[in-house]
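Got a structure for you, written out below as structure tokens; questions coming shortly.
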């Protein structure tokens, strides 16, 4: 469904929203800049794009299909077809969701297509309606603005994952539980998913910044290089998160071992203290006819004394071995 | 055994099934498009191919041999020899089976060879018989259609492995068993096997899409590029599965440790509660002549009281330490 | 020690065994094909090779030396010096032994050198004596035949290692022992050793197949490409073995943990059942004057009843927790 | 905030501190060498730089922004924009802090920008004021001196981390604790952070040393190559630290297991020694009417003897098994 | 401190030791071959080298500095500056020590510099004094001889590490201790250190063998290629050692677990056998008035019988479960 169609006539400063049927004639002039934004692309939209722009059916099919497409860039004769991924992270469900933005970039037009509303697109439209700046600098800069907004929106997710990491880590140290493990593995998976998307994305932006494509002018390349730098930064941060998650996992495993160690020590101390005393009590519970100690006046109290003594010295012994 | 031989005469729209002995004269015209599909290639078939197409004996030997051949592409003077792998996954046996498709691609012919019936080939034949479309766009597009169908058939396997992963994971959390471990390792092995086949396959399709081979025309290259994108997506998904399997393994190991911890805690609590009480009972079971408490009227009940008190306070103590 | 010297005169079909002193004059003709096979190369042989063929002393020194030389290929003005490794696996000792084959390949001669008798050389000689075919297709094809036989001899080793893997795995599941661990690590080491030799070997054969060396003709290159394909297959299989061994190790570790878990559960159940009962018995073994229960007519039987009840309910409890 | 502005007039030996408003006219001469150092760059400074030097707004924005920017080098028409990272390590908090230095390098000027005071900048200023040497050899050598000082300041951090590693390791062997684990993971994270910064930094310096940029003269390149060598050395040392930290982690885990083993042995020995003796005492505490041993004169002492004997032989047995 | 200065006059066969002050005039002739060996290079030596050979001050500074410099090769206009590492392994301290050899290689001179006496240099000097051969083949071959000797000296270290590995492994199986773990990690670190030095070294020699530098002649390149082959072999062996150390670590961890398993089994068997018997004894130690068994004539002996029976059947049970 075509959501909005903007056209910036040459010489003007503010883009106008135009009707679909005007688009064809506007394009024919070869001047000005046209931006068509499509949400939840239908096969009708697809046919419209193929007829109007002569896009390759395979590229348009990628827009229509609901499958996941890894980031990529395809060069056609007079335009580029770019797929980039933004991140949608819901802290409640702990799931990193990826949203695709498909983008056709020609000399004087940009066509964006996405399945769900995207913040990067809406914010660009808002800025556009205020002063028209995003469209005044050409198609390559308009595409840059959209992708830049998309990449900027990734940072908050990184921050949230970072907070999550820190909270998990303190949880691991204080009282590791089975849920902690699950959180760690979930976190690690989110990070790996992020990582997998970021590095092809970075490479794609790099080829644009390097000037591999004629559609993107010299001036705009520096700005793409800036996006590239952002993506490098994000990758570095994601690497750091990965290390954090790995060390949290190692700490968890070791924490569990440590705790078992403590439990075993308590058990051993209990057994080592009470078994000998119980034996002593058992001995004087025997029914032999001839057991001289039993007749002693203070025999019972002596036994109590011995028991306390044995218990105390064992406690001292274990304290020295740091078992208590 | 040659299963079917299709020939699309130039200018016609529907391919005809032709006899083997006509093939030679049809080829000689250098026009139209010929597709020979061979199942369970015998050495007779091999000789036939060598005589008719002048294929290299080594390439033909690869078709005959029942050994596993990793994906590859060999360029000969006027044709390509391609081996690609499809996946046959039986959920019951948990085994990812690989099936090879060998493919000779010339200017005006395609020869396919496989050991067992392949869905990608049969489905292409069906579409062919309906409207002839797969053969109307040339040999390179016919080969594309077959390989594309083969790659599309991989996706359901990925989905099944994904389901398996999820079910294993919940099993790990609820009650990890020795069988769980076996499932995890089996799953991981399937994923690794998949991974090993996919990446050379992707590289092969990439060289075709890049235009390294004259046999594949400009127009078809874009379609091969599309297969390449699919394979990249599959690789990404397989990577994700690998992470899932790894984390399942980590969770299993940790789960076992956690459970042992719980067992140990129960044991320790039992020992810590009952050993002191047993000692107490033992003490008053001693047979000393002079044991004043024994004469007390309510001595027995006092002991009971002390026992209950000790037991309760130990329970409180262990509850505080989160051992219960 | 020079073992055999074959010469195929131009125009003839069967190679002749010739005397050492004839070799020089035969070579001088620049026609026909000469094959010298040397076992356990001495420094005299080395001098002979240097004098006759003008081989580089360093290359010849590699043949004489008993050290291990990783696979390599050296290009000299009019010949190649190749070292490839075959595998000698003794199931009894579980050791993968590597045997080197050094090979000089010139336009009209092949010189092979090895420390111990090699199956690949002897089998080629046998085929040679039957119909002379291996020498009729030129020096490059003779070298190919020898290397091909050597690579083919690797496959049975892979199969044996695979069998070993499977038997270890079932051993791990049924009753893991310290010897099992040793077997796993030994197996893994064999696989890694295999891996280390295979990949440089593959690269060497690749450079020959690619046509980097003038000594190997166009026609022979396709055959070397075939060896390359075999080596790729072997590498893939070795990778699979590596995964198998890794998962066997993981299963072993987890199996040991699982077993300890079971032992602990038994211990805990025994303690949890008998300690309370012993306490009960201890209580009624106390010698207080005033213990009303002792006077009851059926006190003793009531205690028995209570004990059985406690034991049974604990059993039920532990069964529910899956500890029994 | 512009902290200092030095100008070395052509032909003079000592640089002068100049006023901001003079800078423009000095630059216009195209002679001499100008160094502007800015701390905590404001947007006013940014505008000043853009107006005066015509720096790209994106590059200047990087200086103003407080975000982390990975090391990078951007080439503009007549100058380079370099970001390098120095290390600020506080032993107390165990955190490796990274400080960015942004550097514009033109033919006859250097502009440095940083958020906090940097030792490498201040030490270069000090040397400058003494004899002017750092500015006498041109802009490229001035930039070199600053970066070289920054890289030299990394070494003490490496040394401190190394000391930390060693102390942790001995702690692990003597008495591993939960805090030890935390130290290890913290250390490892510091090392990984260091590693992540060092390798892009090295690559950047490498491109300068290789002569990729016209702004850096032939003579200065050798000096940059020297920085490159330092960075290689640092990377090697960091690798070594990583191995140390990894082995410390492995030792910790194994240490915990070893200790648990010892605890278990003590527990087992205690149980194995006292349980049989307690049984013996229990047997002679039974109240059967007909128990002949009870009537024996020395029965009681015989039991004592048997107990001592059993205890001793069990001790010997366990000592032989190395459990004591 | 300059240790020795050799000069081989053109046309002569034996080099002469010459005085420092003659060196300058000998060099000026541009003929013959000069070798200066410096041990523990002082800043005076450094100045001498800079004045005489016009070496770059940075290269000379590397010789003077006591820091560690990773292997490298720097190309200057008419000479090379090479740093290679030899290995000094002391079995007693278990530490792999690295010793640097700096080497300037010009058309008609070689300058070597090292901090401590090096066996490779002294052995070359000895051979030199016998027949002058190492200097008769030119500067490039003299440098080769020194580096070759240095590389050859690495092999014994590899052998010693290999022996160490084997002895550790059998220790692990027989009685793993905390010291064993330390040995393993120490060994692993030595191997990693070796690995880190070897691979840049190999790359450096490779560039020389490839003919990247004019100073090294065609003929000498083959000899450098030989050193390269040795380094490849060493790398392969080090890889093998790494696998050995890794598997030793895995065996250690598993060995500890196995032992704990055995300890636990003994404990469980002891508890499972004695706790029921103790309960039985406790029951007949109760003081109920009405306990018919107590009055039985052979009650006591029946209990003994029951006890032995229970104990035996439990033993059989545990033997079947392989716990004994």
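Per-chain residue numbering starts at 1, and chain names A, B, C, D and E are given in the order in which the chains are listed.
Assume a residue touches a chain if its C-beta (ideal position, glycine included) is under 8 Å from a C-beta of that chain, and two chains touch if they have at least 3 such contacts.
The shown structure was predicted, so the numbers you read here are calculated from the model rather than taken from an experiment.
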{"item": "Graph separation of chain A and chain C (steps between touching chains)", "value": "2"}
{"item": "Shortest walk length in steps over touching chains, chain A through to chain D", "value": "1"}
{"item": "Separation of mean Cα positions, chain C and chain B [Å, integer]", "value": "25"}
{"item": "Geometric centre distance via CA averages, chain E-chain B, whole Å", "value": "41"}
{"item": "Overlap residues in chain E, where contacts from two or more other chains coincide", "value": "253, 257, 260, 264, 267, 271, 275, 278, 282, 285-287, 291"}
{"item": "Ring walk, chain A to chain D and onward", "value": "A, D, E, C, B"}
{"item": "Complex interface listing, chain B residues touching chain C", "value": "56, 58, 62, 67-70, 72, 74, 175, 178, 181-182, 185, 188-189, 192-193, 196, 249, 252-253, 256-257, 259-260, 263-264, 266-267, 270-271, 274-275, 277-278, 281-282, 284-287, 291, 293-300, 303-304, 307"}
{"item": "Touching residues (chain side chain D, partner chain E) in the complex", "value": "173, 222-223, 225-226, 229, 232-233, 236-237, 239-240, 243-244, 247, 250-251, 253-255, 257-258, 260-261, 264-265, 267-268, 271-272, 275-276, 278-279, 282-283, 285-291, 322-323"}
